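The two complexes that follow have subunit A in common; it is paired with subunit B in the first and with subunit C in the second.
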Partner chain A sequence: MSDYTIIGKRMPRVDSRAKVMGKAKFTADLKLPGMLVGKIKRSPYAHARILNIDTSKAEALPGVKAVVTGKDTEGVKWGVFAYTRDQQFIQIEKVRYIGDEVAGVAAVDKETALKALDLIEVTYEELPAVFDPMEAMASETDLIHEDFPNNINIHVNIDTGNVDENFAKAHYIREDTYVAPEESYFQAEPYAVVARFDHEDCLEVWMPNGGPHMKSKPLSNAFKIPLHKVKVRKIAIGGAFGGRSEICPVDYICALLAKKTKRPVRIQFTREENTIGTRQGHAMITTHKTGVDKKGRVLARETTCYMDGGAYSSTGPIATSVPFLSMEQAYRMESVRYNGYRIYTNKPIRGMIRTHGRGFACGLDTQLDMIADHLGIDPVEMRLRNSRQPGEYTSTKSYVDSCAMDETIHKAVEKSGFKKKWGKLPPYHGIGIGTNSVQTGFPMGIRGGSQSFIKFNEDGEATVMSGVVDNGQGNDNMLIQIAAEELGLLPEDIHLVSADTETTSSDPGSYSQVSTFVGGHAVKIAAQNCREKLFKVASKVLKVEPDKLAAKNRLIFIKDDPEKSIPIRKVVRISLLNFNSVNAEGGYWPRVDMKREWVKNPYGQMCEAFSFGTTIVEVKVDPDTGQVKVLEATAAQDVGYALNPLVLEGQFEGSIAMGGQGGMLTEYHEWKDGRCINPTMLDYKLPLACDMPPKINNIIVESVDPKGPYGAKEAGMSIAMSAAQGYSAAVSNAIGVYMDSFPLTPDKILAAIKKKNHK
Partner chain B sequence: MRLPRFDYLEPENLKGALDLLSTHRDDAKILAGGTDLLVRMKKGLLKPKVLISLKALNELSYINEKNGYIKIGARTPIADIVASGLIKEEAHALFQACEKIGAVTIQHYRGTIGGNILQDNRCHHYNQSEFHRSGHQPCHKDGGKICYAREEADRCNSTCQSDGATALMALDAKITLSKINGERTVDLADFYTTDGIMPFAMESHELLKEIIIPVQIAESAYQRLAYRSAIDYPIVCAGVLLKRSDTQKNEIDDARIVVGAMGRSPLFLAQASFSLKGKKLNDTNAFKKAADASMDNASTFAVHNVGSTLEYRCAMVSQMVFQALKEAAQAAVAAKG
Partner chain C sequence: MEKIEITLNINDKPCEVRVFPNDTLLEVLRDELDLTGSKESCGEGVCGSCTVHMDEKPVRACLTLAMEATGTRIKTVEGLANGDDLSDLQQSFIDHGAVQCGFCTPGMLMSADALLNENPKPDEKTVRMALAGNICRCTGYAKIVEAVGHAGNPQDHCPDCKTKE
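Up next, the complex of A and B:
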């Protein structure tokens, strides 16, 4: 595998310099001629009927160019699926959480826009609000959405059969419940949108996104204009983490204001709006019941999970499934029954998040440790006895081709010294292991594939077009590396045109870990097709068959006689002089089961490959304060093949920060009657660089997936997920108490220690 | 978020600043670094018509020792205090407290010790955006009659989270307040009101000019607890001072225990402090008792309004005090050597 020139090499990202130097332009930096400032009027009530909205005073304010309310929306509703369309872009009848959109304003400046918001008079009739999912299910009056009895938004049921029979056969059974509150993304860049309608009535729009094509289609539907008239443009993006995958009401409101004023409009969120007005991670209450045989192998599992979905369905069916899917991929189980319920509450909307299901996964792993403890098996052995193996099917019938789960366990165990430390560490000093697995994509119907176009310029450089978006993880660099490798060029010879719905073809979007596997793959195929054309021309000059040629360092040469070569630039010119274009296209569609559906039919091939990861964490707990000091984190992931180890290590370390250090130790929201108490970076305790473990060991494991481009799968998500489990296991081990409420803040740890010592 | 409009004034000297203050009084706020003030203004918590910047007042930036007193100009940057050998040696608790303020990159560089002492009290129901505060009744500090942190409270229970003030009170510091026609020096411990709305007993035309720390044959220490290692206010903190007896070298002659982030002001706990008089420097049992007494006393003041849980914060008072006492005692034993 080492004969690649650019792939597999530690290459600094093409976008790093501009970002580090502050030169990259984000949506909030955009300035268009005549641009207005937009602002959103939000509900201050958690649940209320809108009796009247009077915008006359706001409209009369000098400098205000437009005010829009639900009346201007023609009742358009949004939902990721046809059966989840429950959210109007601007509320007209009632509001369902503190922050729900009730009006939008465009004005000449921010001060005027804010003043106008104050002048909009909304008369509400407050309704009883419910903030707890269990209470929401029990309440019989004042449903949050009238069509959803018991406020149950989504119910996912998975049953492989034989569950009860296998429980009857089990040697040992445990049932435990685990809870975790909601969490937030805190992308470095708060959400922002710029929209304008051009002279041809095309909507041109910029915003941080998880997939431009996932934004353009709903906008085309909402404005009832053809898809080609919605041009989502590329712009630097400061993070998504799953929170920017779907359309956001503000996208629509901004475009509506632009349409009404015939001027560009920019809406820029405050940090608080970014927290409450976009998406959050779900709070979860999960009960796992697991039955094992004498050797600790899982015979049967029954999991019931209640998720606090907030006011609208968002990615509901996906969100209700993914925590379960990650675990069914990571671990074998003979039979399983899963019931996931997503419940409406009067809180901000919950969607996908990189660390989705931290409480779910930590609970499952904690329970495995408890069972292992009971059976006298160590946690590593317990995992190896249940870990996913290549060539198997998951419980929901996805074939797992490449899988190096065991190798990630073995390597992480060796590097961390787990075997030497387990059971031998002094009091309040602990070590723990977590393992997890994620998908590379979901069945997405017609948007499941990606296409790329490549054209050569006469100077021998190439332009690559791809719908893949880079929202911070390094996708632009990934595409350029692949194109340069295949075309025999240097990375600086590639000009990337991407994430623009006018010039690029459809792409699934940069979430569900699909970008390299599908989008990168499409670029690889397009580049190979383009190279073939070059080789055909070069073969005539070099007088050998095309299959004897190779390309590297801007040259096409004879494989067995590398001295005989011709510059690619020259080949391009010869081709053009001979009436032949030098361009090509390529596409990749993963072979998934299109009949698989989240609720109706949750069985069949989910995606073509899965990544697997293990995180081992060593901690010291201060028994007097409950504070945790992380000594070392070891992250090992089966990435398939490492396209760029430098980027991968960055992803691993970011995953430890988000999933473990923040996700498991400090990050959670506090509420008072539906009001988020800690929406800002000061009060929401994201870890800082100085909070990070002094040592992080990154271990890249390569199973070389037969279908992935160069064998690659995905970069770092299995670490983001397993980090939480590793952290929780380490803390539990240090204090000698299996924790069931996450994150593990010092107050909970101290209470657990005290309770244990009083026994 | 944008700052509301205001007039910006930049006096050239102390007299000029005092003149402006006496003219504008309640309409004016002093800008001495801005790391607290500007954040509150952006949230719409206050809208002063005039900001009087102390930028040009280098005469208020100094640290010196004279006649047994350390004097610190109120506009001295936090970074200068952290870098001062004198402070580290003679007022160790202040050095430790300043090290923990905000972050090196912003608050240490911009923030001043005067600004740190006068940073407004905080409450997670009050330090919020205008949007957050809309839709329910305003609290006491916001001009209303409700307290969201303690039911049926007749006054504001906002919390003083100043690291600097807690350490300085432990060091038995005094502060000098200037106005156009005079100045007064008060014990820091007497500087606070019992109302979180306006926690400081000072008039609107007074300016904090100087901090005075008596140099004693004593050791001090400061401990604080937060969820993050920087850019985080303490959820509990403690400053202590242990003075050795002149005759019995391993005996405590006098002690001061001050607990911060638990009430409307740093709390000087007289009873717990007094309990250490005459105790040996290695009497950890006495420290434990004093720490527990501190917890009992301080807990009555605290409300759940600065994060974590109230139960945890109360429990941690004892820990912070105990650790600070242990540290100061160790230093005292070492100094004796």
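Up next, the complex of A and C:
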């Protein structure tokens, strides 16, 4: 057992009290004096040239305070990378999907704002639209973006060499194609923004975000104002799941309306707008060709994936790479060639999502099961023969330090009774296993590190400042646990100032599971530096060297003689009276390969640590209805070290729901001529309490990463990914058909059963 | 359309408000009375984030007209605690880690509170069915179901139940 006082304990979260009392403020709850209501005019066409926009009637409507169009902007284009800047925040020349922003209105109330939208007259010339990525790629004319031939937005090519030679040596080769349509985040909180310009002409803005510093920089670029003039404020956030990391055009439009009216403006999305006007998950068509030796070890693999990227780049190069990276982290391959294509279509914009590449990953695992079947190996053994081991390099040359992939497999197998059940369950009753791995961070240049400041107040309590944001996963509590542990205080003695760009230093945000590993680490170092200062002063009072001291329960004491102690509050006061600072700072920058680039150079150290997860699922399928009933899910993850098992279990269970239950059984979008026909919660089927498996077994595996804070890596993401794989494997096992089109809805299951029975 | 003055009984307090006949109870709670604990997530009666009690029965405030609420007793999430003293259910949500982003929490609590008022010791299946009208995207429901089942009903085997002193 560890010696930690607060770390590693089942600590209820500090933010829960305000939330259960209904006191926590989300963006749509904010009311500022004189605040106006903003609304967005969106394109009704999937692809059209804008010939004219006449706003005069809207502007003349009583109660309308401002109308903005592309002409009011500085013309700055957005894209995560310099080579992907393809999106105007308000379109001037063309619209590229149904929902593209063409104008914004601010008015005294919602009814007036909506009426004004109808009075804006936009003349369009419709252009041929394309909704299928394969058709889009075949097209050489009517490009969605003129600079991108064949509508190919991004092409990632990875080749480790020797692929063809190893295929020639292979004992058995399979090639299979897997498909999955778009899915959506459906965060509980619909997107909302409040913006105002203050008395010093600084932009003050509140919105759900995956990293406040990721929002402030593009806003400063778009308005051509210095970074210190953009103050992204902290606010409660109702979920992100990867969908709120980037700037959203409405952030800018809301601020532009505030600038023009000199009043605060609030824009609140409808549920449909949240689905159409933010981001979605990519639809993907993935072909895996795998060659193995007699023992089932992968000698060569060639994967080609076509991703429907929608109208703009978003996180394009990252999104095109991550499904491959998860696979190369989870499994060893002697050689591999990957070609990922992200293709523009006239559909809403696609970004990163929690189970990014569900068809990609499920396809890979399904194919492994098929190969195992052919070789007469069981799925567990097949994975153990190919699973990542500590001390290895991935195919793209990332060193993997801590790795307990095998332990997650063994423990999940034991808990679920897999060995006893595999091959012995009655018809339409199945069990399946999935394994996956995710990164803790990407090379993010100057924004890859996090810095924290800690100040002591004269009453002996401390304020911690950090750029880390809490989207609902518990990051605020994580930071407070770390600070309290290191400073020797109780959690209630720590006041957290976070996710505010005016007062906190740059931080990568909750992007790529990095909050604990980088942001938590920075707080830990800042707290240790602060403690060192206190120990220096305390050592004079207690008359021992500082290294003989420890801090706990608001006291600094001698380690070998704990009765001899001094309250921290007193040490702070003595310090101040003796002209000693009691504040400190600390920062953490992961040692990644800064030369690694998504397209130009996809090789080198990706991040410092990887998490590994296994999910085993047991299901029963009703052969008459195609309905799947999940009996039990077992989730085991190598998290590095569990800072708070209570929070961690919640991440596992949420991952089973989103990755498995929703992601593999019910969630997908349907389209008609580029229009999403199920954008609301009524039509898009999210898992309910009564749908979930009655039993979820959580297994925490701790490999104690040498670089992570206390050895921690990340919590839950490799469960979200492996849950999708486990669900699909279990259904395939139950019906005796290897499925290749996800999610596994009743119609597909019934068709598969019917086809099988006809043979 | 003209505004009409009505009196609503909210959390045992009379509240005089001027409303349009088509204003929903949710709009009046949030915009006129600043009771922003009740949330709007779907706006069409699917997600349950706006659940409040009307005469002790859970209703969707987004589908209820404010005028319909006259002459009834409305309870919102702000009325669950007694001042700073949380109800057993609220405390149980905290202790069991049932709150993540917290956006669905108010509606979830109101549905669960209505269940517990009728059935103080519901079994797991009953809890799951009673919460079937409330969508949570973060938790996978496991900890919420546990928190409701153990509220005011601590279980020896549960590491997160605080036994009463």
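Going forward, the second predicted complex is superposed on the first by the 758 of 759 C-alpha atoms of A that agree within 3 Å, B and C clash if a C-alpha of one lies under 4 Å from a C-alpha of the other, contacts with A are read in each partner's own complex, and residues count from 1 in each chain.
Just so we're on the same page, contacts are C-beta pairs under 8 Å (C-beta built on N, C-alpha and C of every residue); 3 or more make two chains touch, one makes a residue touch a chain.
Here the structure is a predicted model, which means the values were calculated and not measured.
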- request: Answer with first, second, both or neither: which of subunit B and subunit C does A:Asp624 touch in the superposed model?
  value: first
- request: Of the two partners subunit B and subunit C, indicate the one touching more residues belonging to subunit A.
  value: C
Task: Return first, second, both or neither, reflecting whether A:Cys690 touches subunit B, subunit C, both chains, or no partner chain.
output: both
Field: Which of subunit B and subunit C A:Asp673 touches, first, second, both or neither
entry: first
- prompt: Does the superposition put A:Pro546 against subunit B (first), subunit C (second), both, or neither?
  reply: neither
- prompt: Now for A:Gly63: first (subunit B), second (subunit C), both, or neither, which partner does it touch?
  reply: neither
Message: Per the contact definition in the header, classify A:Gly587: touching subunit B only (first), subunit C only (second), both, or neither.
response: neither
Query: In the superposed arrangement, which partner chain does A:Lys19 touch: subunit B (first), subunit C (second), both, or neither?
result: second
- request: Check the residue A:Thr270 against both partner chains and state whether it touches subunit B (first), subunit C (second), both, or neither.
  value: both
Message: For A:Pro390, using the defined touch cut-off, is the partner it touches subunit B, subunit C, both, or neither? Pick first, second, both or neither.
response: neither
- prompt: Can you list the residues of subunit A that meet both subunit B and subunit C?
  reply: 270, 682, 686-688, 690
Task: Would you tell me which residues of subunit C are touching subunit A in their complex?
output: 30, 34-44, 46-47, 49, 76-78, 80-81, 86, 90, 93-97, 99-106, 109, 124, 127-129, 131-132, 134-145, 159-160
Query: Which part of subunit B faces subunit A closely enough to touch in the complex?
result: 1-2, 124-125, 128-129, 131-132, 134-136, 148, 225, 227-232, 307-309, 311-312, 315-316, 319
Field: Residues of subunit A that touch subunit C when the two form their complex
entry: 10, 12-13, 15-26, 28-29, 31, 185-190, 236-239, 241, 270-271, 471-474, 646-647, 649-650, 652-658, 661, 680-682, 686-690, 692, 694, 696
Field: subunit A residues touching subunit B - in the complex, by the definition given at the top
entry: 42-45, 98, 110-111, 270, 272, 624-627, 666, 670, 672-673, 675-679, 682-683, 685-688, 690-691, 745-747, 750-751
